[in-house]
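The following pair of complexes shares a single chain, subunit A, combined with subunit B in the former and subunit C in the latter.
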Partner chain A sequence: MISLLKGMWQVFLHTFRRRVTIQYPEHVDYLPPRWRGRIILSRDPDGEERCVACYLCAAACPVDCISLQATEDAHGRRYPASFRINFSRCIFCGYCEEACPTDAIQLTPDFEMCEYDRQNLVYEKEDLLISGPGKYHDYNFYRVAGISIGGKDKGEAERESPPIDPLGLLP
Partner chain B sequence: MSELRNIIVPLITVFGVIIIAMSMAAGLIWLERRLLALWQDRYGPNRVGPFGLLQVLADLIKIISKEDWVPPFADAAVFVVAPAAMFIPVLLTFAVISYTPGIAVTDLNIGLLFFLAMSSLTVYGVVLAGWASDSKYSLLGGMRAAAQMLSYEVFMSLSLMGVVMLAGSFDLRQIVEAQRGLWYVVPQFPGMLIFLTAGVAETRRLPFDLPEAEGELVAGFHAEYSGMKFALFFIEEYLGITLVSVLISVLFFGGWLGPLLPPLAWLAIKTMFFISLFILLRATFPRPRYDQLMSFGWKVMLPLALTNLVVTGGIILAAR
Partner chain C sequence: MALIYVENKAYKVEDGQNLLAACLSLGFDIPYFCWHPAMHSVGACRQCAVKQFKDKHDARGKIVMSCMTAAVDGVRISIKDPEAHAFRAAVIEWLMLNHPHDCPVCDEGGECHLQDMTVMTGHTRRRYRSNKRTFRNQDLGPFVSHEMNRCIQCYRCVRFYRDYAGGRDLESFSLRNQVYFGRHESGILESEFSGNLVEICPTGVFTDKSLKQHYARKWDLMTAPSVCVHCGLGCNTIPGERYGTLRRIRNRYNGEVNGYFLCDRGRYGYLFVNSPDRLRQPLQRRSRNAAPEPVSVEAALAKVEKIFSGGGGVVGIGSPRAPLEANYALRRLSGPDRFIAGQSDVDLALSRVARQILSEGPARSCSISEAADADAVFVLGEDLSNFAPRLSLALMQSVRRQPLEGLEGIPLWQDAAVRIALQDQRGPLYLAMPAPTRLDAVATVAYQDSPSGIARLGFAVANRLDRNAPGPETLGRDADSLAAEIAAALVGAKRPLVISGAGLGSEAVMQAAANVARALAGRGQAPGLCLTLPEANSLGAALIGGGGLSRAVKAVETGEAATIVILENDLYRRAEPLLVERLLAAPRVIVLDHLLNPAVERADMALPAATFAESDGTLVSSEGRAQRFFKVMPPGEGVRESWRWIEAMALAAGALESPWGTIDNLIRDMAADIPALAPVGEAAPGEGFRLHGQKIARQPRGYSGRTAMNASVNVREPRPPGDPDSPLAFSMEGFQGRPPAPLIQRYWSPGWNSVQALNKFQDEVGGPLKGGDPGKRLINPAASGGSYSVQFPEPFVRPEGEWLIVPLYHIFGSEELSAFSPPVMELAPAAYVALAPDDAAGLGARAGSLVEVALPGGTLRLPVRLIDSLPEGTAGLPVYLPGLEGIVSPGEFARIRVMKQGQQGLT
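Up next is the complex of A and B:
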């Protein structure tokens, strides 16, 4: 009996506690930079698309909400002709970001993407592509990768030695 | 002229009581959500109107526009009648309560008996709703409600007999008048506790909400109900809370008696206190098992009520 009254008193004392609810539209809580929200496609510091259309994000996606089509430009750079994310399926797990070899696909601290029409949740490439480099400011895949494209041959990337001639006899 | 007065004044009282009781029931939905939220460090509904007060209106519009559906497997006639069968007895009881010396719908000299009779009648509504729904969870809820409400009614009436013995009347106005010297909560403290417990069980509130236990029975006896019929069950529940709170104030805490403030204000303050206590009970206690509920009723509360009755009677006899 005493314990029951003690319990009621404890609950009553909560009258004077601070309420933990955040009044959302008026007060927006801090979201850390690694928050997994709306997905974007970033550009490298030169303003070119980072995505090389390797399909790894689409393969990693557990709900198959990413679909893209690879193509190549005149310099031999691969890029996606179309890139579509269906956010009505997306579970914001971040596996696509983990899988991405070029840091192109990134999740951002933004979750306010409600729509009245479900079809509007399908984001096309122009909806996803942003003009900046996102979380990684200096990274440029083609400048560090040993792949040759127009204007940059093998061995010309940063911290890359000239290619070895495998048929040569010199040690 | 006086004939007209004889018609109009009772009409105003009747409709005033109905309107106040109904809006109390509606307002309690808001109050309960806000108070529960307060005790759980949340805010509760605070968006619609000032302090979220218009939430009641929004809920009302929503529930009226809901589809009023009768399941094809249900016993349609009984299914429709059951909510009303539960609702009307509770509303009728408000007629015998005397709110102030002047305001009462009727001064029944057996007002307390009338209340006990009506609270027994609400059992029919629950059982009929559970039975007519023709679904196993509803039936289980109905059966639980029947057993629970019958068991707790036994000592609810017994716990009130101490008050009746002290006041020498079943008339609620005379019971209040008899408390001018001393509120009955002092001589009848065990009776008050027993009546409070029984009142919680009679209104099927937490911790005694086994007939509708969400965790196990979906929604118990009203699982198949929707729209306005569902709302009737809820209004009945909140009317029941108001009724038991008013009765505790009237029977044990001197009703309208109190210094300075007008009588009606005193009754309102006391009633609101007990309504808040009901909500605090809900916020604190977990639900007991069903066998615990029954054994608590029959093995603890009933002997306690009988002892209270015998001791009170003995003291009154000795004092005479």
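Up next is the complex of A and C:
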């Protein structure tokens, strides 16, 4: 009997505490940018796809839910021809983002992606690719990489000298 | 044996090695770049430094390059020594100064020796902040991509291309930190071994251009042990699959066959598997004149059941490019009497002769590695660079054997010193061919004559070796002295080798080679004999037996058989069109094949057969070695292995009581039925083989995308397909360690992601694989030995106004399956007729002028190509090039006339 009253007293005291629960979805709480939610593919500051289809995200994925196929444009710029994430398998661990050498794949503070049908959780490249740089504003892999692409010739990357002439006779 | 001390512990190693090779064999990890087990040491990269101590009491020691230091008795070294470790870390930091920041877009990434060695040495942070030097790339043709910025100047590429493979158009340019490896200008690499640069290059300078079209990382490739199907040599390969298509071919080391290298046809011919011309669904024709319609596998099987349960004789036409198992299944269906070997009459006769010569002995058929070890070689009528390319690479090594033996005071692994000491000295290599070949550059004498002239030369050489051997008394002045010279060279050799084959289509030439080998054996020498045959299972087909195509025509036309089953064979390549038409006039024609060829289009029923990448089987190389290949991927829906289709037919026809079910049961039946094939089952472990209770995983540990690759079709993952035929699993679950040699599906070892992990699979680097090299020799010479062939041909006399047809092979274009591979066909020449300049002038033709070539099989209009030193009265015709299939038959005569200007040239 006494313990019951003690319990009711505690409940009564809690009516004067600050409320923890918020009225979702009317009110949406703040999620930090590093929240590991829905995965996106970002673009570099020039508006081009950042993903170079290196397959590292797929290799890092512990549930193997990323599959892609690399291809190249006429000037040697590599990009994914297809990119698929099966979110019904994804555990939002963020290893893919950690593995990504070009900051292309990023996890975002969005978790509202429930579906009635599991099949709808399979996201293709057009569902993943956004039009901005995401969390990382400045990085452009092709500006530092030593390969040439359309609009950037050999020797035009950061910290590169102009190409040498191997047939030249000067020492 | 020498006793060396590593970290103060004693190890026994073989004499005559360098420390690097010895330590790698012992299982130590020493980083290296420029050293290669097939090309030895030059000490260019300075990466393999270790510390050497004078004796037990020496605490200071000195840093030496392990690849340049002999592993002699008492050598005392430390690999872990802090100073040596720091030195190696510094070296790799220098090598990496200019390395571009592009691993994510580099095709080598994930299997890069430079990545492995960087991790091994512990260089993890870049300190260099200045500008990197850059290079421009070159377009090196359809096989190899060039990305020069990645180069670390180890010189492996030019050492392989120039010194090992005899190429001349890849060179190092410029100096100091600007050394450039490439051609003098962009252009197609000339060597037929250029694809090996992909595996030789320790980083991503040279990468596989065909892989780039459908790029996948090594860790994503499903792989299985396989055998090349593009010539008769049976090189071992590792094909890789991703998302249901074949992505690339890598070399699979077999110390007795291909060693470390493949030819470009073997490496790039695989694209036929992905060809849009693949037959992927059964086709059925309602009536003779109706168009073929695709039907389901079930419908096709029901139709097969109906056809074969109705009785009536069956003619089975086998194939020299199908494995033993499919051929045997067909032989069971048709009965041995109505089983046809499926080769042209010339090829059939030659493969029978080759089988007879090799099994009679006394000369032993010679493997590719034995050929590379031969110290005097005589080649009769074989253009090896085009017909059996990997063997020509072996001969480029064999010419070094005699000069190497004369070398004193220089260890053989000191590659640069050895090459400087040898200069241009070459051992005896005699070539006899109607036309010049690419091997002529390293030959002692390249002799040009007609096929009968070549055979007469061979008989004459045998006669000079042994007076009892029949041979012409005289050949004409030059050739007589040449015959004596060749005989003397062969007698003076420790390991003489005679090579001939089916390339010229002349039995006399092959018999001449056999006589030379017999004469040598009669003198107490142990000669090797290579008889190269055109297709992957030519010798296997000869072991199974079977009649000629005329037998099939007879069976069809007498009504003995109503159904004709053609196994993986484009008959239009085997016989003249008229004969094929008579065959295809049979009441029911069933064709099993991979690709839509003319025979498939004529069939009443075409059944899609699995290629080498989707089926299991055994191929017998021209050495007589039975080698198993395994499915790399499951056959697609609608496609089945040939032997499974035939099994259904045989069951319906009553030729088989109970189904085989697995290939092991089929092999058991075949071994019991055909004594010559009894040991075939020993070529590889059977399906029941397990390691630690597990099957061997085809997919690597890092295989990615398992739960996403099919998710667009169905989000629920399918169960991995089972494999009832082999101890390998289509899964990443299973044994991931080092399997027995015939089952090696990839080279990987912790810390070694590149092909260099192979070191861990050998007892001794460069030696046989652990547990012995795979393959089972089926043909061993009888002790008694055969007797001399006595019929040597008369000298060639040209009938007035006619030309003798001499077949010319092309590495790119002459082989059937690789002709469906776009990069290979990019390098295939257009059809032509080759004439000697004098002959052409007599006709009034010049290079490029159109002539009409009238052959028994049909008339062709072809442009003239002039070939110097082509024997007078012979016309060279490239075999099997598009437009020439089935028409060119060696030994026939043609009439040639120049066409007037304005007439259309058409092949």
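The rule is short, and it goes like this: the second predicted complex is superposed on the first by the 145 of 171 C-alpha atoms of A that agree within 3 Å, B and C clash if a C-alpha of one lies under 4 Å from a C-alpha of the other, contacts with A are read in each partner's own complex, and residues count from 1 in each chain.
Here is the rule we go by: contacts are C-beta pairs under 8 Å (C-beta built on N, C-alpha and C of every residue); 3 or more make two chains touch, one makes a residue touch a chain.
Keep in mind the model is a prediction, meaning the values are calculated, not measured.
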If touched residues of subunit A are counted for subunit B and for subunit C, the larger one: C
Partner chain in contact with A:I147 - subunit B first, subunit C second, else both or neither: second
Subunit B versus subunit C as contact partner of A:M113, first or second or both or neither: neither
Which of subunit B and subunit C A:R17 touches, first, second, both or neither: first
Partner chain(s) touched by A:I130 [first = subunit B, second = subunit C, both, neither]: neither
Subunit B versus subunit C as contact partner of A:L4, first or second or both or neither: first
Intersection of the subunit A residues that touch subunit B with those that touch subunit C: none
Residue numbers on subunit A that touch subunit C, as the complex places them: 52-56, 58-59, 61, 63-72, 78, 84-86, 88-89, 101-102, 118-119, 121-122, 124, 141, 144-147, 154-155, 157, 159-164, 166-168, 171
Subunit A - residues contacting subunit B, complex: 4, 7-8, 10-12, 14-15, 17-21, 23
Subunit A-touching residues of subunit C, taken from the complex the two chains share: 99-105, 109-110, 129-137, 147, 149-150, 173-176, 178, 180, 182, 184, 212, 214-217, 219-220, 243, 702-709, 711-712, 714-716
Contact footprint of subunit A on subunit B as seen in their complex: 37-43, 280-281, 283-285
